[in-house]
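Below you'll find a set of structures to go through.
In the two assemblies presented below, chain A is common to both, partnered first by chain B and then by chain C.
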Partner chain A sequence: MTQLKAAMAGTVFTVNVAVGEEVQAGQVIIVLESMKMEIPVETEVAGKVTAINVQVGDFVNEEDVLAEIEA
Partner chain B sequence: MKKILIANRGEIALRIIETCKRLGISTIAVYSEADEHMPFVKLADEAFLLGPGPVQQSYLKADEIIEIALTAGADAIHPGYGLLSENAGFARKVRDAGLTFIGPDAETIELMGDKIASRIKMKKAGVPVVPGTDDGIGSLEEAITAASEIGYPIMLKASAGGGGIGMIRCENEQALSQHFQSIKSRAKAYFGDDVVFLEKFVENARHIEVQVFGDDEGNIVHLYERNCSVQRRNQKVIEESPSPCLNEAVRKQLHSSAVAAAKAVDYRNAGTVEFILSEQDDFYFLEMNTRLQVEHPVTEEVTGYDLVEWQIEVARGNGLPVKEQGQINLSGHAIEFRIYAEDPVTFMPSPGKLSKIESSDTDVRIDAGYEEGGNVTPFYDPMIAKVIVHGDTREEAIRKSMMFFDSYTIEGVKTNIPLFQKFIGSSEFGDGDYNTNVLADWLKTNKEDIKI
Partner chain C sequence: MMTKLTGQTVYNEKLEKRINEVFAGGQQKYHDKLKEQNKLFVRDRLKLLFDDGQYTEDGRFANCEAGDLPADGVVTAMGKVNGQTVCVMANDSTVKAGSWGSRTVEKIIRIQEIAEKNRVPMLYLVDSAGARITDQLDMFPNRRGAGRIFHNQVRLSGFIPQICLLFGPSAAGGAYIPAFCDIVIMVEGNASMYLGSPRMAEKVIGEKVTLEEMGGAKMHCSVSGCGDVLVESEEIAISEARRYLEFFPANFTEKPSLKGSIEAKAGRTLEEIIPENQNAPFDMYEAIDALIDEGSFFDIKKLFAPELITGLARIEGQPVGIIANQPKVKGGVLFVDSADKAAKFINLCDAFSIPLLFLADVPGFMIGTKVERDGIIRHGAKLIMAMSSATVPKISVVVRKAYGAGLYAMAGPAFEPDVCIALPTAQIAVMGPEAAVNAVYSNKIEAIEDPKEKIAFVQAKHKEYKEEIDIYKMASELIIDEIIAPSNLREVLADRFRFYSTKELPLPPKKHPVYPV
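So, the complex of A and B:
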């Protein structure tokens, strides 16, 4: 199980995948918006999305777990 | 007008307080929990908490802000820039509440905020616009047909967009197909409106804008131009006035087109007409910003006028402080540098505590929103301060800037100061003959020299 964490605080701008979806390493899973900049959050591992913990518009803090991926 | 509520934060709130104090007007600050210890909260005569850090829960709460203004006995609201400043609905509500909105009419904000409607209006007024579509594009098929008529590369833009958000350059049909849906959904998410249109992409363009001012009596003047071509991520980093390397005849045409644009909409208060200028010196209307700009200080430095004072005078119904164009003179050269809390190479924001701020040169204007010990929080734009340098000539202003940046220190967060330390002395900037690619191009070969 790999946890996908927020590198910095911000608002969830888009959620690009759904639970159950197969994803590739390097794929953008979630885009955060912080300080007027879009910050893509990519997965380092390929696998299946097992959880998405946030919704568009949520404010997240640094290190918050955004999603989980089963390699 | 004896009491003004400032519906903004940081450096621009402080900037407005400063002019109000000089004019004997008392001020009301509104702030979020994250900004509780900011200088603008301390320096305003009164301050009211709006709510938590995120702007939707604080600075964008239009009804609450108007309620505070009424309860505290304010006569007017100054919206600053960003946030509610170009929100026509807010301007209308302020007016309906019997308060003065320090800015143009709600109707003007609405018209200029609609990029397609303003294009059509400007064309009618004889102001050149970029070749493109005069209607919203509904489907990808329509976009592809229109793009092949205009010719690639094209800019795909959100009609409600602005400030560098909601636009993308497309090289070919494949890129257009790829970005069409995402720009539409982005436009919907950011601006609540998914109408998009196409414009020809002008290669190697310069971004030049003209400051205009209008009053209730129908007087309209310009306060010269600013060159804002040094950008990163479609957002400005350095602005200067007057623009270097600008053909004198073109300069005059830009000024008169800007005045014509403002006249076409009976413009009142401070506004900026943005143009792009091609390599062949053809210029096109880009958009009109219906507010005070971040970079207004460079215009203040070369004209000697206080633009916030002008805004207040016009809002009072007093007419422009100077109505005769011929009496508005430009003296010397001014350059503004935006100091951001961000990585100087990747531009990733770097929030945190400003453990140290130090500068030795006093002959430089610094409009800062923070003081030493303050916190740059992730809720807002990463701008810490603006450094404005004036000289008799551009060369002198550059020399002074280099000296200033030698000793300017901010610790605790990453900043773009190391970028300026190298870039100001480059021949690319020094020549003055640069376009909007200048910073990205320069970084390609000079990245390694920037000490983070």
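So, the complex of A and C:
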């Protein structure tokens, strides 16, 4: 299982996938907004989304786990 | 045919035998171990490094009376790399794991002294277990003990280029050799740096950890920042070192050499690459490709703090050091590590007369508790001091946004860049429109009850703010020197770097600044 973590503190701008969805390596799973910038969070592995831990508008800290993917 | 042995021939045969013993290195089992680890024997490394594989060696017979310590575990030599003389020290890990005895240390000190006297680059090919503890009195605390190697490195820093190729361990005190070099190239899987080995960590502090986790090449090149270039093999490490050296003069008194111009890589134009929406990410590497001679980029610390790109390149044959924000990673925001990375790179280029090109697209320095506790202010100060005190030609290009101290860090107008160029997409401000309107009018915005009216008010203020920071207004006020079309940027940069090549900027007399660290 691969954890998708926030690279920096910010708020969740969009959640692009749902639990159960199949995703490709390099796909943008979540977009954060921080310092007025869109910060795309990509998955490095292909697989199935098993958990989404955040909702749009949530504040997240660096290293927080945003989603989990089963390769 | 039988040759009659004269006295001289007997002497020569003895010499040849002794030399061959030295050239053979350590015992066969240690050579076999090298092969298992995908490592090259030290003399094969040197053959690859030097032009035509030729080199001149000193201290070959060091410790030759000991029998099992050929060259005392280190080869020290002079030779040519790209036609330029360089000095090299190279550990031989087949001899007592490349550990340091007193003669090892003395040989290293001497080759450093030769590099200083001849004002030529010094390369350290490191593969060593560290000090021979049994010999500590002879090699550790003395005036010409191991400490002197580091003292010499500091003396030589900025005087001549110093390059470290890490092929194996660089343990304990030895780990400071890479630390004092301008650049450290590490071979994945074999190179490591650590003060205390995993075995020592378990004994002394109770931590259980693997060598790779604690001090492996990948960790140092992506997390600690102690490594600059991660490579797959020793052959690539050596060819990368040769490529790196092409950018550098022999010493600080000389200028780096020019090469023939090569066209930029064919691809999308800057107009196509750079999105108008200031908040949307794009890949700055693609923009760099459109500006530089194809294939000339030498990425430094690619895996460390990738929100900022630092690398050497050529523009119409002229060497430049590029510092560029990467909007694709963490929005291109400056962090503690990115500030560190840029500060060292700027110091490196300035020391050896390599002009600097800043490509700014930066929302500012990161804010929040985490980075304040990490000391982002002092790390940012380090970057700004390095940039500000650099006297080489500096060109600042505002690609898109340059907000707050981000403008300062990227050689904004106040820091005497030779020119500050804006692309039409540039936006210079204390902060972006959204943040600024919130900061100034937050009470007013909250007080408006009608949502439509609220949106209209905010939009009107955004428009006002954008007019105030309009790039033509900035140019009209001479805040920026020039606005140019992205498609002309490469040519403009090439011309300007040629014009500024005679730049001299004396600093006020003093010993040295008080560096923020």
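Please note the rule applied: the second predicted complex is superposed on the first by the 71 of 71 C-alpha atoms of A that agree within 3 Å, B and C clash if a C-alpha of one lies under 4 Å from a C-alpha of the other, contacts with A are read in each partner's own complex, and residues count from 1 in each chain.
FYI, contacts are C-beta pairs under 8 Å (C-beta built on N, C-alpha and C of every residue); 3 or more make two chains touch, one makes a residue touch a chain.
Being a predicted model, the structure only gives us computed values, none of them experimental.
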(message) Touch test for A:A9: chain B only (first), chain C only (second), both, or neither?
(response) both
(message) Tell me the contact category for A:F59 with respect to chain B and chain C: first, second, both or neither.
(response) first
(message) By the touch definition at the top of the document, which applies to A:P40: first (chain B), second (chain C), both, or neither?
(response) second
(request) Kindly list the residues of chain A that each of chain B and chain C touches, one partner per complex. (result) 8-9, 34-37, 39
(request) State the interface residues of chain B toward chain A in the complex, per the touch definition above. (result) 54, 163, 165, 185, 189, 233, 235, 341-342, 347-349, 351, 378-382
(message) For the complex, give me every residue of chain A touching chain C.
(response) 7-9, 34-40, 61-62
(message) Touching residues of chain A toward chain B in the complex: what are they?
(response) 8-11, 13-14, 34-37, 39, 56, 59
(message) With touch defined as at the start, can you tell me which chain C residues reach chain A in the complex?
(response) 278-281, 327, 329-333, 335, 363-364, 366-368, 370, 432, 434-435
